[in-house]
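Residue numbering begins at 1 within each chain, and the chains themselves are lettered A, B, C, D, E and F in the order written.
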Amino acid sequence: MKDGVFYGRGINELKDECPELYDLVESMSDVLYTGKSLDYKTQKLIAIAIEASKLNENGTRKQMVSSMDELGATKEEIMDVLRVVLLTCGVPAFNNGVRILNSI
Amino acid sequence: MKDGVFYGRGINELKDECPELYDLVESMSDVLYTGKSLDYKTQKLIAIAIEASKLNENGTRKQMVSSMDELGATKEEIMDVLRVVLLTCGVPAFNNGVRILNSI
Amino acid sequence: MKDGVFYGRGINELKDECPELYDLVESMSDVLYTGKSLDYKTQKLIAIAIEASKLNENGTRKQMVSSMDELGATKEEIMDVLRVVLLTCGVPAFNNGVRILNSI
Amino acid sequence: MKDGVFYGRGINELKDECPELYDLVESMSDVLYTGKSLDYKTQKLIAIAIEASKLNENGTRKQMVSSMDELGATKEEIMDVLRVVLLTCGVPAFNNGVRILNSI
Amino acid sequence: MKDGVFYGRGINELKDECPELYDLVESMSDVLYTGKSLDYKTQKLIAIAIEASKLNENGTRKQMVSSMDELGATKEEIMDVLRVVLLTCGVPAFNNGVRILNSI
Amino acid sequence: MKDGVFYGRGINELKDECPELYDLVESMSDVLYTGKSLDYKTQKLIAIAIEASKLNENGTRKQMVSSMDELGATKEEIMDVLRVVLLTCGVPAFNNGVRILNSI
């Protein structure tokens, strides 16, 4: 599964009890993060934007961390993602995103 | 303003009545779509993702159209954006995004 | 019920089939639109803001119309509501709100 | 795919261009609508609730129609779903849900 | 009020200061959790789904706990609810829901 | 910037690294909180409503605190804001809002 870091306490615990769900999430991650035109890193930056726009604290942090650790995304690139969040979602979502980024 | 196509019936009518609001939106668009690391097209793809994740029919269509017309984004690239929407927002948001893309 | 204009095709049809639901919504409207400190008009402006922030096309229009027709809210006041929507929810929600306001 | 009615103009058009996405959505529908304890009809009622809570007009209608046509859900059962929407999401989402239900 | 567990620090403190609000929430809970066709437990499972889809950490936990304690809902049933959340809201909302369920 | 209290750990850290973003948020706050008809305090109450409706814990608290500290908003006024949240967003968002208000 490409998105290993993302699935912390939640999905990893499914492996034994609900293997069909674990496998499905793995398939989703594999198929959906294999774009035809966009590379994986661009898709991860998009995932950061979506999680930040939903004010999902855990999801935003996990996507930021995994994009930096696995794919070498820089803080500057993530700030450029958050610029779009400010434009399309307003100050509070942007503020949350900046706070999370600065805490990593 | 970089995002000319985006502001249709709403914001364009502000020019005369509330010029300070029109100017502010213009500043927001100029500053925020000027990334330090990501190019404008990548930022527009991020904006498509956010609008699709919010199920914003008008916003999704406008962002798709302007990214294709102004910046040469391809349907294949937008499908790769929608893959991330499927992963992070589920089937209905993805379905809406595909329907809008196919109608352009 | 204070909010008569709001309940168009949906809730008004409940009167015969589900009178207990109709009565409940009526109670909700009566109790909740009777503030101790804020007047009804200010509460209606708040309701416009919430509906606009949710991108609820029908709800935003109904709240705008009823605040103008029943309570004499002005377009200028509603624009001041939408300023807060721009600050807290970004350009697309603001754009939708302005478009709806201009169409009334 | 269990959820045949749901995928209208969007996902059905993927069959030729992006068969791997069509297959993935099909797998998702098959695995996720096969509960261990809850039957398919209860799961579809849950899907109605989620779509209504998101104010997703198309998604709510499709889920209502398919639960009635395929699984014999009654209007009364769907009204009981919408009662929970009123409790947890307020009057506008409830009003939209009732309006859609009454239009089917 | 049927939903006693749900109202923790928030609503219970209203009893003295705003009895009319406390009574209203009690009426809402009583009327809305008394379905004509669906039983209370099914309605509570629907409430879990809605709270999980909104990424409401407190609300999701409270609804899960009260459905298990008061109504004997099983973890397996709640996992079947979360399957629908995965289908309709994507991996992050599902992941949050599983994490909360596993922590109970 | 009018909204000084609002920008805690997030935006204040931008001053050195991204001064153009800090200045933009400052302009947004200045222009948007300067209504033509509504006063600043009414606009802040609207901001509380929007943040509470989004279940944004941090944002709701900050808006409540700054409206009380800077503008003398009372708990009773904020409860009247939360009444509209109960009507338009349901019990969980109201419950969260009351809990936050009571903790200040």
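A few remarks follow.
By definition in this document, a contact is a pair of C-beta atoms (placed from the backbone, for glycine too) under 8 Å apart; a residue touches a chain by one contact, two chains touch by 3 or more.
Remember, predicted model here, so these are calculated numbers, not experimental data.
Shared contact partners of subunit B and subunit C are A, D, E, F.
Shared contact partners of subunit C and subunit D are A, B, E, F. The greatest centre-to-centre gap from subunit A, using C-alpha centroids, is found for C. Averaged Cα coordinates give subunit B a centre that lies 27 Å from the centre of subunit D. Here the spacing of subunit D and subunit E, counted between their Cα centres, is 20 Å.
Each of the following residues of subunit C touches two or more other chains: 21, 24, 28-29, 31-32, 51, 54-55, 59, 79, 83, 86-89, 91-92. Within the complex formed with subunit D, the subunit B residues making contact are 55, 79, 83, 86, 91-92, 94-99, 102-103. The touching residues of subunit C, counted against subunit E in their complex, run 20-21, 24, 27-28, 31-32.
Put simply, subunit A touches subunit B in their complex at residues 28-29, 31-33, 35-38, 42-43, 45-47, 49-51, 53-54, 59, 74, 76-77, 79-81, 83-89. The residues of subunit C lying in touch with subunit D in their complex are 6-11, 13-14, 18, 21, 24-25, 28-29, 51, 54-56, 58-59. Contact residues on subunit A toward subunit C in their complex (touch as defined above): 86-93.
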